[in-house]
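Across the two complexes that follow, chain A remains constant while its partner is chain B and subsequently chain C.
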Partner chain A sequence: MVFLFNIFYQFGDSLAFLLLAAIGLAVIFGMMKIINLAHGEFITVGAYGTVVSGKVFNLPLPIAMAFGVLVTIIFGLILEKFIIRYLYGRPLDSVVATWGISLIVSQSFLVIFGPSYEGLQTPMGNFQLGEFSYSEYRIFLIFSALFLLMLLYYLFMKTSFGTLARATIENPSISSSMGVDVKNIYTATFAIGAGLAGVTGALYAPTMTIVPSIGQAFIVSAFITVVTAGASPFVGLVPAAAFLGTVQTTVTFFYKSTIGLIAILCAVILIIRYLPNGFSGLILKKRSK
Partner chain B sequence: MKTDFKKNKLQIFTFIVLGAIPLFVDSYYLDNISYFMCWTFISLGLAVIWGMGGILSFGQTAFFGLAGYGFSVISINFLGVAGVSLWSIVLALLLTGIFGLIVGYFLFYGGIYDVFVGIVTLAITLVLETFMQQTAGPEYTIGTARLNGFNGMQGMPTIGFENIPFGLVEGVTQYYFILILSIIVLISLYKFKNSRMGLIFLASKEDRERVSSLGHNVQKVQLIAFTIASVLAGISGILYTNWGGYITPDSMGLVSAALPVVYVAASGKKDFFSVFIGCIFFVWLSQTLAINGKQFAIIVMGLILVIATRFFPDGIILMLKNKLIEKVKWLQS
Partner chain C sequence: MTKNLLLKIENVSSGYGSTVIVNNFSFEVEKGQVLAITGSNGMGKTTLMKTIMGLIDVRNGTITYKDEDITNSSPDYRSKLGIGYVPQGREIFSALSVEQNIMLPIYTRKKITFNSKDKLEEIYSLFPILKEKRLANGSSLSGGQQQQLAIARALIFDPEIIILDEPAEGIQPSIVSFIGNTLSDLSKNSKKTFIVVEQNISLISQLNSDCILVEKGVFTKKLKSSEINTVEKARDLLSLHN
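Presenting the complex of A and B:
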């Protein structure tokens, strides 16, 4: 029983990490096709926003987190207006610009806040099961990840804004001729993506050492999860993260964590080769039958 | 021959200047310039597949690292055997080429395109990095060569002939060795670009299906171009290993993987000569900024990249080159 729960806990931890790493990128890369190498830095902004506001203004954690997310949204809006806007339809050029942004942001944080910043305490307590102790906050992260994903699915698949956003990104010129304000839709969608990355940063801020390169921990996981999810990221994200999480937990359990990383990278290579539309392609195909 | 001279005045003039540099700078700075030029081959390879064929690979550093490690392992194992440093190069490049062929076959014959090529190649380079990082233990030994994990490998022989004056590839010899090699590579790449195969490859960037429905074997051409690029990346890897006398897993990490992409894009990916000059310029710039700008160096570098893509989508160096040819009458053909 304890053994089973232990495995569930490890798996859930890995699932939450993959989902939360990927959730903002699912919008910016999965939907908008911007290869955002600065995704990790969006998460960094969210984390610093939370921790700094929490420490300096002595805000309670939830409000500090909301502040962190708000800062990330504003950051995303500014970037979109001055840089990203000119890169739509040039996905490969977006690599260079976002790489530049990521250098600027991580180094600026290093200059302003120094090599590491005093972190917040992990909220909630621990609970005991057998001889092991588990963090309640980690369980909370798993459920928040799933909840955020449901929210995202609802927003982009069920609301009229979501329909407009998907139509605009599918074909901007036709949408524009139908009277859709294409520019604002793009800006809003990008800001949502940035905001979600900010949420990830805010949620993980109390659990990690706050360093300027904090976002780097997420970026590889984010890209491989979104790619595994496939063409329709909101449908495929959960199965993709579950699959990769299973592979990682299993391999790490039997060998060590570096081999676990190698295993999920290899799994992604095979998925791109044999399931080019990812898990969402598989699901949508089944559904249409 | 005469038209060749007329068309390429700028290129020829540049190489004459580069050829004269050892007369004017001290040996420390010459070694530095050799270091900048080490990176041109991996960038030129990327310019071939990305600039010509529209294939963005993040995995060039995998070939860079594989060649560096391959060269080290082979040459350390046969230390003392006659000419070891030379045929280790050949073997290491062969190994890199075969690996490039396998990866390319997997990609293009497996129907992987566009951004997915970038992700798969990035995954490959990260797998190699992660694997190499955890090889610190004595069980990871190939023959007499230990892989050494994070710290990387050392102790490989210098390329060249020990008993001939200036026979070892270091100092002035290293500079001219790299310079002449880069001239040969540049000329071969221009020849490739204008060959039948090069034209098919160029056309495949615009419309893959149309080119293949005209009866051309697009996948084969893509595979050949990818293999050429992987060998070029391997040349950089070996030259880098020889320059510093070491190779580390970092050379295959996320940061290293993005650097050639950045050099090529900021220089102008459609023009080999601009990539060659731009690569030297940007490696120099990042080094100079790192020495003089302290913690602001990386911020300045980032700003340059953002401004470059925002305002000069075709690349800064290519734009400057075109401006220069436009302004200076003598350079026009």
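Presenting the complex of A and C:
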């Protein structure tokens, strides 16, 4: 029993990390096709926004987190208006531009806040099961990840805004001739992606050492999960994260975490080779049969 | 400007890059009129329609809609003024369901003067197949069904004028005549104005419309509806061979 729970806990932890790392990128890269190498820095902004506002204004954690998300949304809006707006449909140029943004942001954090910043205490407590102790906050993260994903699915698949966003991304000029204000829809969609990355930063802020490169911890997981999910990120994200999480947990359980990371990367190479459209391609193909 | 004038194109030129496709083109459309525009492939008909919709910039000339100069307005503004557009090749959103495709223009409008649910039912009564398939993905429809969907999407916001770009292209004859009947009924009963770019002679003669012939991006001649109301007459005068 304890053994099974231990496996579930490890798997859930890895699943939550992959999903939360990927969720903002699923919108910005998965939907909008902007190869956002600054995705990690969006998470950094969310984390610093949370920690700094929590420390400086002595805010309770949920309020500090909301502040962190808000700051990331504003950061995303400014970037969209001045840089990203000119890069839609130019994926390679977006790589160079967002890489530049990433360098500027992480160095700016280093200059302003120094090499590390005093972190927040992890909220909630621990509980004991057999000889092991588990963090309640980690369990909370698993449910947060699943809840956010459902929210995102609802927003883009069931609301009128979602319909406008998907139409705009599929065919901007025809959308505009149907009355869609394409610029506003792109800006709003990008801001949602940025905001979700901010949520990730805010949620992980109390669990990590706050350094200017904090976002770098997420970026590889973010890209491999979105790529494994495939062209339709809302369909593919959960199976992709579940698959990668299983590989990582299993290999880590038998060897160690470094080998687990190597195993994930190998699994992704195999996925790209044999399922070029990712998990969503596989699922949609089965469904249409 | 006369009271009945809806759309006025004056000396309009447009094109892509350094190539001029539409050259110094002028015509007028009156309220309630059905105007066909025809000509062989590559003569600039689609470019002209895209220019009217604002998808291609005007280089010279002016476009006026109901006394308002819209030469430099954005496509979404033109749509909101009441210009419906059925693009060439239908351009259905494949990621959206049939009903989402139809409702899209409604979602873009802050205020609508009619009940959108009633309007949707009205559209479904015109195109029953769309109601049957309303939850299906846009891309799963046949060509003829997609064409009906594209027309439904243009009708949903009750536009005053509707621009259709080759609605008969690649569609089986029975559906073409069904679409022709629907358009004729709409023009008779709800006094809608239509610009129909078409090469299909039977559809042109069915619409009982005046017709402009375009050659190499230039206005060539205008024919009265009485001159082309049978397939034979239309074929002779428009010198199209299909």
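The criterion applied here is as follows: the second predicted complex is superposed on the first by the 289 of 289 C-alpha atoms of A that agree within 3 Å, B and C clash if a C-alpha of one lies under 4 Å from a C-alpha of the other, contacts with A are read in each partner's own complex, and residues count from 1 in each chain.
Just so we're on the same page, a residue touches a chain if its C-beta (ideal position, glycine included) is under 8 Å from a C-beta of that chain, and two chains touch if they have at least 3 such contacts.
In this text the structure is predicted, and so the values were computed from the model without any measurement.
Contacts of A:S160 after superposition: chain C is touched, whereas chain B is not reached. Within the superposed three-chain model, A:V227 lies in touch with chain B and out of touch with chain C [touch as defined at top].
Once chain A of one complex is fitted onto chain A of the other, the partner contacts of A:N171 are limited to chain C, with no touch recorded for chain B.
Of the two partner chains placed by the overlay, neither chain B nor chain C lies in contact with A:P62. After overlaying the two complexes on the shared chain, residue contacts for A:G114 are found with neither chain B nor chain C. In the superposition on chain A, contact of A:D181 is made with chain C only, not with chain B. Of the two partners chain B and chain C, more residues of chain A are touched by B.
By the touch criterion defined above, A:G125 reaches neither chain B nor chain C.
Of all residues in chain B, only 50, 54, 56, 106, 110-112, 114-116, 118-120, 122-124, 126-127, 130-131, 133-134, 254, 258, 261-262, 265-266, 295-296, 298-299, 301-306, 308-310, 313 touch chain A in the complex they form.
Those residues of chain A that touch chain C in the shared complex are 160-161, 163-164, 166-167, 170-171, 173-182. Taken in their complex, chain A has these residues touching chain B: 33, 35, 37, 82-83, 86-87, 90-97, 99-104, 106-108, 110-111, 216, 219-220, 223-224, 227, 256, 258-259, 261-262, 265-266, 268-269, 272-273, 276.
Across the complex, chain C meets chain A through its residues 53-55, 74-76, 78-80, 85, 87, 91, 93-96, 100, 103-105, 107-109, 153, 157.
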